[in-house]
Structures are given as C-alpha cells and as structure tokens.
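Handing you a structure now.
Labels run A, B and C following the written order; every chain starts at residue 1.
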Amino acid sequence: MDWSWESAANSVPLLLEGLLVTVEITLLASVVAYALGLVFALIRRTGIPVLSQAVLLFIEFVRSTPLLIQVFVLYYVIQPVGGMTLSPFTTGVIALGVHYATYAAEVYRAGIEAVPKGQWEATTALNLPRSRVWTAVVLPQAVPRVLPALGNYTISMFKETPLLLAIGVVDVLARAKEVGADTFRVTEPYTLAGVLFLLVSLPASILVRRLERRAAHS
Amino acid sequence: MSSSVSHIITTVLSGLTATVTAAVGGIALTVVLSLIAGLALGSPSRAVRGISRVYVEIFRGTSEVVQLFWLYFVLPVLVGFQLVPMFAGILVLGLNHGAYGAEIVRGAVNSVPRAQFEGAVALNLTPAQRMRRVILPQAFAEMLPPFNNLFIQLLKSTALLSFIAVPEMARQGELLRPVFGADLGWIYGTELVLYLLLALLITSGMRLLERIAARRLGRAPAKMTATAGGV
Amino acid sequence: MPPTVDSPMIRFSQVVKSYGDHVVLRDLDFTVAPGEFVSLIGPSGSGKTTILRLLMTLEKLDGGTIEVCGDYLSHMKRGEKLVPADEKYLREARKRIGMVFQQFNLFPNMNVLRNITEAPIHSLGLSRDEAEARAVELLEMVGLTDKKDEHPTRLSGGQQQRVAIARALAMRPDVLLLDEVTSALDPELVADVLRVLREIATSTDITILCVTHEMQFARDVSDRVMMFDQGQVLEDATPDKLFNDPEHDRTRRFLKAVIDRA
C-alpha cells in the first residue's frame, strides 16, 4: 500500500474548499427543489386544465432521463437560446434543483393525500376560503410529515453534485482531480474525497432517520 | 433530414450498445450483490451483518462519481493492474446500486408476515429451505416496484461512465458537441428519447415479472408508476 | 328571502342521490320549519347522513332541488332556468349552514381557541378580538373555558366534540347539522355532549337536523322525528307519537331493536 500521510494532509485544504462549494450547491438546489416541488404538487392536485398535464409530462420526462444530460441541455442549449449567461455553479443549482423538484412533487403529493378527508370536509362546513384551507389546515399537516423524505433527497443531491465537474464546477471531486494532476498522486485526494462525503452524509442520514422515527410516533 | 442530423443520430445510436451493455451488466451485478448483502444484513452472525452493513453504508454514503474515479484511477495504483473502462463501470454500477438494493431486499424480507416464518419452522424446514421456498417467493413480489425504480436509476447512471471514456451515448454525444454546435438540440434530444425508451423497456420487463410473481402467489399485482420513482 | 311562519327553513323537493348504481335517496320530499329540532333515525344506509351531506354541499344532487331559507342551495337562477350553482354561489349559500361531524374533525395543528376563531376571522371577517370574545363565550357554554389553549389531541373525545360544537356555533348558522355526533364516543362521555345539545336546542332558535341513535335523547329534545328507510321518509311525527304509537311495523321493529340494544 502506497499511502503518504503528508500528501493527504496537504490536499485537505483544497478539498475542503471544494467541499464548501458542494455544500453550497446542495443547499441552494434543495431550496429550489422544495419550493418548485410544492408548486408542481399543487398544480397537479388542483388539476388546472393544460398546465396540470404539462407538469405531469415534465415530471415523468425529467425523472426518467439522466441528470448529466439535463445539465448539458441547460448549459449548452437552453442558456444560449434563452439569451442567459449562467455560471456553471448556477446551472448546477438550477439543474439539480429542477431534477429533484420532480421527486419532491411526488413526496408532497403523498403527504397531501395522507391528510384525512374529514379535515377537508370541516373546512367546507366552516366555509373557509380556498387559500386558508391550504395555508392554515392542509399544508401544516402535510409538510411536516414529508420532511424526512425531503431530507433524504437533500442527501442524494449532495452525492450527485460531483457530476457537475463536467461543466466546470469546482467541487470537491474537481479539487481532488487538480491535486492529483499537480502532485501525480491520485490515491490520497480521491480517497479523502470519498471520506469527506462519508463524513457529511452518514451523520445526515442518521439525523434524517431520527426525524423519520419522530414523525412516525407523533 | 439534413446529413448532419442523420450523422448525429447515427453517432448517438452507436453509443447505444455500450449503454445497454453497461446497464445489463450493472443490473446483473446489482441483483447478485443485493441478494447477498440483503440476506447477510439479516444473518444471525454479527460478523456477517457487520461486513454487509459496512459495504452498504460506504457505497450508499459516498458519491457514485467519486466511486467511479476511485475504482478507475486509484485502484490500479494500489493493486497494479488497470481495469478496462467498461468493466470498471459495470463494477461501480453494481457495487453502488447493490448497496441500495440490499436495503430493498431486507425491507421486503422483513415485510413477509412473521406467521409465514413460524409456519415454516413448524414444518421443520431448514433455514435455507425456509428462505428459498417460503420467504423469498413472497418477498420477491414486494421487491419488484422498488427495484424497478433502482434499475432506472442505474440506467441513468450509465451516463456517468462518460467520465471514464466508456463509449456510451452521453460520451458519443459530447464528442459531437464541438463539431455540431448548431445542432446541439438534436444531440441531446436523441439521447433523451433513447434513455426514455430504455426506461420504458425496463419498466415493461418489471411489470411482466410482477404479473408472473403475483400469479404464482395467487394475488393481484400492485400498481407501478410508468417511470422512475424516488431515489 | 327570510323564512316566514308559512315558508320553511329547509325544503327538499324530489331529491335524488345515487352513488354509482346505488340509489340512496329517491324523490325525497320534506320540509323543516324555522327553529325546529328534527331527529333523523333509521337503519344505516337509509340515507340520513346523505341528507346532511347534501345540505352541507359535501355531495352533489343528482336530481331535485334543496331550498334553505327560501333560496336554492345547489342551484342558481339563470333567467328562467335553474342551473347547478358555481363555487361563488355555494360560498354564499353555505354561510347559513353549519355541521358537527362524527369524527369531530378538529384541526390538530391549532389549539382549541384557534380552531374556533379561524373561520369567524377568515370567512366571516371578524376581527381577532371579536372572534376570541365569541369563542370564549361559546367555550363557557360547552363547559370548556379552561381548555382554550390546549391542543385537540390532549382532549378526550367528548371534549373534542364539544369544541367542535362551539366551532360550528361560532359561525352563527341558521341551520345546524349533527351527524351522529355521539356515535364515536365512549358511553361515559356521551352525556356531556348531549347536555350541550339540549342547551342549544332550548336556548337558541337554530334549526337543527340531528342524525342519531340516542333514542332517549331524540325523544326528549326533538320537536319532530323522521324515520328513514331505503331513502324514503317512512314516518314523520312528534316524538310522542312515533315512539309510543308508530304507524309502520318497520318502525316498530327498528325501535324495538335499538331500544333493546341500549
């Protein structure tokens, strides 16, 4: 085994810089996914004529095709055609966020279905306006229940960000590659990159599992 | 159709073989590893349980791309021989998705009612016979919808193999990009349509399996979504 | 159009309601006068709950019309014709009607006070102070003043149902619908709820339709009892008449079975 602790230690600062980028992208993409996912779920739920079917098709299409291709489409096709200039970072956030919004939509849908029918009937009996039915009764009951599932998706997003190095995002894996190219030693940076992922995702998973157990009991 | 578009389509199609090979190989390895690790997670032996738990947590807890880079760039340095890209790709696909699959197997086995297990004990079957003839056939039907989702995830992951120069569809498309800048829509459009078709193929196959499994158990098959579900 | 002594609070005309192939209500006609307390009794599946659900617009009519306070409930006038009502019309029409459910249906994410004030604030437009004052009054009436900051999950079934009653009354409905409101309660808790209902019946002039299996209660408190069977009104009389001297054998048999079980 050819492992140099010195080499490993030297690569750590750069790797941590990259990890910061990975975490930033994950958090921003999560915000996009959670918000957009809710919008998708509500559109599907209220069944607005053309929009509802369009959203369904979009969701099925995005869920069944590789994220990598979607990133390329956003960066190389939509961006120039739409006249925008997006940095690789922003492209990554949007592509990752939209991709996982389609998963989040299904999660929200299940959460909304789980709200008992009697709650809806009570809002009719009390003649509550539509907006209040959603904001005061249904969503406050549906959303907390689905938070563990959303948490798991955030962890998944975290693990998928490295593929963004294909469009030049300088995340932890890209840094590892840099170090490998500079020092001609690939073992330490790549192994450490893997370890860093474990160090973040394992505690996060335990946290989510604890959330799940709490949600199941309440 | 202009000649450049037909060239684009043919080139992307040329990657189809590699994509399918990687997917089939990955799925096969996933099934094997899922069964082994999934059953090992329920083993009475602490050591066996521990080993499979470590395997599952490592491959579920790290990024698939990082695993790919490690197996292709680091492993040769450590053990001395270079893995062929396709082989490395199938290995990573199998190891990664096998870890998720192990949890699916474990969940399905645990969902078989305890009464079935007790009935098998009462019939004096050995543990292996219990698993093979009573528990697994029932767990099998439970496993199919989540495995459908997992296999589609695997199919989507084959695109990552472009990072290690496997000549699958995503890579073929990227080779075209510098040359056919004006027709990028055709490149990615073709790729996306082909991935969709492959995903539908997987789902149809799994649906067929589900009908067979349900018939053998005398049950109505459960519902499955047409395409991939959650991770 | 407000009801007069001659015009009823509720009128069902030739009402038809089916679920798929199963016809639950068949050309149903009946009226209810303002301020009446009417108990609806009968075997399950006879359509009693469906009547309440139609009145609360939780279900759509398949035929016939329903009038509340002289206005059509589920239809609106377009010139000379009657067409099914749109959501805007229904929102106006619902203002007069309130309902208490068998499963209480309190909002678990709000405490008792907010459960009661939510609709008066956001549907009737009361200020928070007005709504809270009204809520406190009603909580006193149902005997739960000390529970106003509690969450519904910490209350017993009987207490939850009393909160549900207060919540419905906070809307000051003209018509109150009670759908087997004690059927989901443990026997010891039933009495408290019935006491509250008795109080409402005597001290207010709300028109009340009550689907119930509590025969003693129906007998004591109702102005009128309607016995339903297979979607039709089998008998419609004062409690004295119906309980002591029913006209139909079916009624007699039903009462015997229910009272024997009690």
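Following the convention adopted for this analysis, contacts are C-beta pairs under 8 Å (C-beta built on N, C-alpha and C of every residue); 3 or more make two chains touch, one makes a residue touch a chain.
Computed from a predicted structure; not experimentally measured.
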item	value
Maximum centroid distance from chain A, chain identifier (CA atoms)	C
Central chain (distance from its CA mean to the mean of all protein CA atoms)	A
Result of counting contacting C-beta pairs for A-B and A-C, higher pair	A-B
Rounded Å distance between chain B and chain C, as computed from the means of their C-alpha atoms	56
Approximate Å spacing (C-alpha centroids) for the pair chain A, chain C	47
Between chain B and chain A, distance of the C-alpha-averaged centres to the nearest whole Å	21
In the complex, chain B residues that touch chain A	57-58, 60-67, 69-70, 73-74, 77-78, 152, 156-160, 162-163, 170, 173-174, 177, 184-185, 188, 191-192, 195-196, 199, 226-231
Sites on chain C touched by chain A in the complex	56-58, 91, 94-95, 97-99, 101, 103, 105-110, 118-119, 122-123, 167-168, 171
Of chain A, residues touching chain C in the complex	116, 118-119, 121-122, 124-129, 132, 136-137, 140-141
Chain B-touching residues of chain A, taken from the complex the two chains share	1-2, 60-61, 63-69, 72-73, 76-77, 103, 106-107, 149, 152-153, 156, 158-163, 165-166, 173, 176-177, 180, 186-187, 190-191, 193-194, 197-198, 201-202, 205
